[in-house]
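What follows is a set of notes on a single structure, which appears directly below.
In order of appearance the chains are A, B, C and D, and numbering begins at 1 in each one.
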Amino acid sequence: MEKDRDLHQNGNLVPELIEAERFAALIAGYSEKMDREEKFDPEVIGLLNRHKVWKAVHGKDGVESTLTQQCRWIEALAARCTSTAVLVQSQLTVGHTILLSGSPLASRLLDEMREGTIWGWGLTEAEAGSDILSMTTTARREGNEFIINGSKRFISNAGMATRYLVFARTSPERSSKAITAFVVPSDAAGLSIARYEHKMGLRASPTGDVVLDEVRVPIESTIGDLGEGIGLALGTLRWSRPLIGAVSVGVARGAFEQLMKVVARSDRDLRAFTSSHQAKGHKLAELLMQVFAARTLLYDVTSRCDASGELPSMWEASSAKAFCSEVAMNVANEALEVAGKESVEVDAPLQRCFRDAKILQIFEGTNQIQKNAIMKELGQVNFALM
Amino acid sequence: MEKDRDLHQNGNLVPELIEAERFAALIAGYSEKMDREEKFDPEVIGLLNRHKVWKAVHGKDGVESTLTQQCRWIEALAARCTSTAVLVQSQLTVGHTILLSGSPLASRLLDEMREGTIWGWGLTEAEAGSDILSMTTTARREGNEFIINGSKRFISNAGMATRYLVFARTSPERSSKAITAFVVPSDAAGLSIARYEHKMGLRASPTGDVVLDEVRVPIESTIGDLGEGIGLALGTLRWSRPLIGAVSVGVARGAFEQLMKVVARSDRDLRAFTSSHQAKGHKLAELLMQVFAARTLLYDVTSRCDASGELPSMWEASSAKAFCSEVAMNVANEALEVAGKESVEVDAPLQRCFRDAKILQIFEGTNQIQKNAIMKELGQVNFALM
Amino acid sequence: MSIDMSNSDEDKRLLRESVSRLVADKIEPFAKVIDETGEMPEELYEVLTKTGLNAATVPSQYGGGGASALDGVILVEEIARGSASVSSILAMNLAGVAALAASLNEKLKEDLFPKVVRGEVILSWSANAPEAEGELIAADDAKGLVLNGKVTWVPFVDVGAAIVVLAEAKTQLGFHLVAIDTSKLKGHLEIGPLESDLGLRGVQLRSLVLRDVVITGEEIVDSKVGGASVLGVLHAVGRAAVAAQANGIAAAALGHAKRYVGERYQFGVPIAEFQSTRAILGAMALNLEAARQLTYAAGNQLDTGATGWGSQDRAPADSAAKWFASKVAVEVAIDAIQLFGGYGFVKDYPVERLMRDAKLTQMILGTNQILDIADAILSR
Amino acid sequence: MSIDMSNSDEDKRLLRESVSRLVADKIEPFAKVIDETGEMPEELYEVLTKTGLNAATVPSQYGGGGASALDGVILVEEIARGSASVSSILAMNLAGVAALAASLNEKLKEDLFPKVVRGEVILSWSANAPEAEGELIAADDAKGLVLNGKVTWVPFVDVGAAIVVLAEAKTQLGFHLVAIDTSKLKGHLEIGPLESDLGLRGVQLRSLVLRDVVITGEEIVDSKVGGASVLGVLHAVGRAAVAAQANGIAAAALGHAKRYVGERYQFGVPIAEFQSTRAILGAMALNLEAARQLTYAAGNQLDTGATGWGSQDRAPADSAAKWFASKVAVEVAIDAIQLFGGYGFVKDYPVERLMRDAKLTQMILGTNQILDIADAILSR
């Protein structure tokens, strides 16, 4: 039924999934250059817009695309360029939050996203990582405006986004009801990017500190109700964690495919039953099974979500994120050993995969946070009924 | 869509899948006793017959049940009793071979199996394990009979079966066309069980040497054409390897469920974010993800097979067998560490799982043989199109 | 025949080789029957006593071998290559002797060490994890301490050989490590059923329930209020000893696997010719080597008191060795069975027993060493 | 300041501590800039020369430190805690010096050892796997051997410091290990582009293409027809040295992680309080300890010629150490980043560099040691 699930929908081939792989092939040529230059290439933005990728991934006719469709797109992109995949993943995450908020702005904002408006997600702060409630950014109301002050750290698409979804305290207590989400345009007076991070991997994806100094936004800028920010952020996780699972599956698959290219150049025949390549062949088989397992776990979670119309349970979303990102790091790591020195040459795709993969175990909740989430729901798991 | 796949079929709940779990619960009480006594309990045979399990697993109306249905049954059984699961798996394997052979006897033989006739699969010999073509058992034709001579090793259900599917040379050369399959009744003159193995695990499932000394069978006893034995055996692997995957998923799931029982007795609350149980909770989360991944990989392979009407590719069948059996051994092994000394007490289910799990990495082709098979088909794998 | 217990560094090799021959001749032949019956044949105790192996580390002034902890660890490993169950006698005594040697109770040493040397007692202690259930509550009495409670997972209970159990007894003020001579406890002692028969059969792990057992001052190994020095020695040497047992099991598995892959032909060649066989065998040897070096380092640190050169962030070698070696032993045994194929799963070959024995070395003393190591590092 | 190179066993700890201070003061501060620029600052060579660290194992009659291989391994590890790139100078010299010491060519020793002591040359050799591409073909000539071909993955090419490359040159009859002084090769030498910039930056791995390079007998380290003794020494010590680099990297990662988890607060407590943090940290320390013990055993075996006590099935410690330590270093660095969270992924903190450096130690000399170990065991 995966064939069914993936390339057919009610018996019809879904052309955009093949389109996703075709489009991904177009951007493959940019990934090493963008990594080296630590800069997202505007040409790739141009391609995304020109090929109407935003329409395809967000859903074309006012209807959100399925989680499976989104994951397939992200996987295809990540197999060629992690940074592009994360750009798309970040927009789908914001898109889902906006939908979830039921904001009166939702329809307009999503339409803009379909045209290529890029957002940054502004939740994390220097001292508020896993511990969101330590957040210190505040929004105080003055007349018809909120005035936001604070500093956000590790903000993806910083400087590239034209809008930020900023989470800020609208109440001082350490409570999940104290925080509200706002849309803040990047050209708002008082908003600046104080610094950019220099990262080991995912280098084309800009990450920066977004500083908000007396930034004024109209009261209509809230996304979701007052005090609903944490609820929205947590609700989004059940959608966004599988999306990171999809980036991970893509990186794992991409590393495996790059490895196969290296092997094809040096080892003509892995098919011989006994040969001087058997140990390498078995290693390839083991890596293949890991990619396969991660992929089936992910799409099992997404397709049950799509079929039921219900979000995945948190333990499922967290499993998709944690399991797939562990596989991605592991496959990328081992692929270098199997491929040998060609894999660590300057600009070799495999060494980029190795550097990119690490962030997958960390962002959207470290894998320790995922295991906490799974641990809390252990009592709900009943494989016999799944 | 797994929900869809598992418990619904074209929108209707499939009652026999719930029935499988209910039936498995009935036999759970026998597993430790059968393990200790090294003997399959006739009461369990009685239950299998009485509850019409053979009809359910083979397919009720002259139509073979789907691979997914067979695997679900086997998984449910293996979660409670590995030996019972392997008994059923062995019958489904023989059943598939008989179907595959297009034998004129097929319909009658399968009807008998639905009524509870038990078979033994007689391929392996002392010196012919992975290397089937080293087989020395012969069948020579004399008039309207074949006369079979030889000795088969590691034959499951030895002494319990009323029929054996015996593979024998009908031609002396080392060729895949030299071997033919025969049905041999257990009461045939000259057939004897020379010895039984005493095993570390899977102890209720009898394993023995089947010796054939001038055993005469009518020429109509061939299953498949002359010289088609190896072809049949290899063709069967694409069906039988996922079945072992299902035993493995069941053993892994069973070990996990037993572990949860132990944990529930000693650790009241794993939900606390910080606690003296967090390391154990994270380990449980890791084991859960392994079981989840094995299960989704298996049912991805089986459901695509069922949807397409085509057997899984060998790399898929071998991945299901190898990946799931590695997970089973690993989960059973680690479950004992997490559970602590209670898990190794006399008759504790977890220590039985630990002993049972090991055979899963070995039979139906060692996992090295599975990796050889995957290695040979690496060039055919294209996740982008799956 | 008696084993020369040179305490010098230079000839571990000779020590090991002479023990290795003894193991092949007198111990390994019993391994299968011990596993089948769960009983330890009488003559094995005699062999161990006659060769001095059971008392290798008893100080020489008490008639023992005077061997170092490192030598002791090597001996345990070598015996375990033949039979892990038999090696448990040495492992128990190795830790028990070290604890007694660290005790200030000279009378107890004078009483027990000669008995160990003569093979009259095994110094047994609970193989349970320190933090697990089962404890003795001690109350002061005119005649001494009065013990009540349960000790679980005690090796060699009711096997014919007499044992002295070194057990922790808690009082309101702290704890005592006491030496309980089970032969003197008629009417005060209840022996539980076999606690595990998965592996290390013949060791007969059982619980002991003590009722109003009176212990005099002469039987107290160590008393502490808030401290645990002798108990710490017992557990540290115990971890090294169990690691050595695990290494012996893994070495046996590796040896059997090596032999088998050279003898088993498939596709016209020994399966040792397949690179996949070599990848498995090489990894087995590699991990075993790491486990051995950790264990020898633990033995060496126990002898010298050194705790690793320089760096503040070193894992205590005995904890690291216990965790790593027992884990590796299970994996090596699992892989050895894999190389045997179906034959590995049946009781005609020794490797399935090794997998079961190895698992017990992992369960003994628990599997919490990683957290202990973290605690040790973070507390510095 | 000069490091006292006591060759005795007793005070590794003091040796390590004095080096440790030097590393903190004079080497670690450069690690970030070396990684950023890919260049090694001039003053580092001076520090290494002045302290004698670069020539620690050069025999004392040539003015070197006369240190043992075990001491050499400890020094490499300690330097690598500060900067893995800088430790490559020591690692190269450690193996190169051992190879020269094993050579019968006394004239070459008299020429090169003092140059190493004065810091005038680094003894470089290909960090590529032995079986990989790139070889020199040697032809006999009236003037000596004439070399043509390519050597890949040569460290310290074109970094300012002069290097002498110890390279294997194949002839029809066997091979020669030759010492190629690259400073003398104008017009015969082509330097390739940087081969990897993932990690160990500043080491400047490059290929050298040699054209009609004439080597006289005085530059031949060893010549063998069918044998490989000196080359074997080069590779064995090389493996131990790379293992030591990996351990230094892992030790740095562990140290940074330990510090960070004590300082980083989430949910009102340092994240060191979470058991999940401790489980990760404990496993890092445990595996590093196993890697260290394997590496020290390799150093010790190189000094004493011992190959493990007794058993026939022991993995050669240098191969085991190289494979295990470099794998552990990658995993420990990955885990250290995990404990840092997002901060671990950015270049303001050192742990991301450690992950890249660690990966290079795994790639250097290839990853085939498991099969080598199997070959070694099966051939006995």
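Quick note on the criterion: a residue touches a chain if its C-beta (ideal position, glycine included) is under 8 Å from a C-beta of that chain, and two chains touch if they have at least 3 such contacts.
All figures in this text were calculated on a predicted structure; none of them were measured in a lab.
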{"item": "Farthest chain relative to chain D (centres taken as mean CA coordinates)", "value": "B"}
{"item": "A-C or B-C - the one linked by more C-beta pairs in contact", "value": "B-C"}
{"item": "Centroid distance [mean C-alpha coordinates] between chain C and chain B, Å", "value": "39"}
{"item": "Approximate Å spacing (C-alpha centroids) for the pair chain B, chain D", "value": "51"}
{"item": "Chain C, residues touching no fewer than two other chains", "value": "267, 274-279, 371"}
{"item": "Two or more partner chains touched - positions in chain B", "value": "273, 278-279, 282, 368, 371-372"}
{"item": "Touching residues on chain A, where the partner in the complex is chain D", "value": "124, 127, 129-131, 134, 153-154, 197-202, 207, 279, 329, 333, 336-337, 340-341, 343-346, 351, 354-355, 358-359, 361-363, 366-368, 371-372"}
{"item": "Chain D partner contacts - residues on chain B that touch it in the complex", "value": "273-279, 282"}
{"item": "Touching residues (chain side chain A, partner chain B) in the complex", "value": "1-7, 21, 76, 79, 253, 260, 270-271, 273, 278, 281-282, 284-286, 288-289, 291-297, 299-300, 303-304, 306-308, 315, 319, 322-323, 368, 370-372, 374-376, 378, 381, 383-386"}
{"item": "Residue ranges of chain D touching chain C (in the complex, touch as defined)", "value": "12-13, 15-17, 20, 74, 78, 251, 254-255, 258, 261-262, 272, 275, 277-279, 281-283, 285-294, 296-297, 306, 308-311, 313-315, 317, 319-320, 323-324, 369-375, 377-378"}
{"item": "Touching residues on chain D, where the partner in the complex is chain A", "value": "128-129, 132, 152-153, 193-199, 265-267, 274, 276-277, 330, 334, 337-338, 341-342, 344-348, 352, 355-356, 359-360, 362-363, 366-367, 371"}
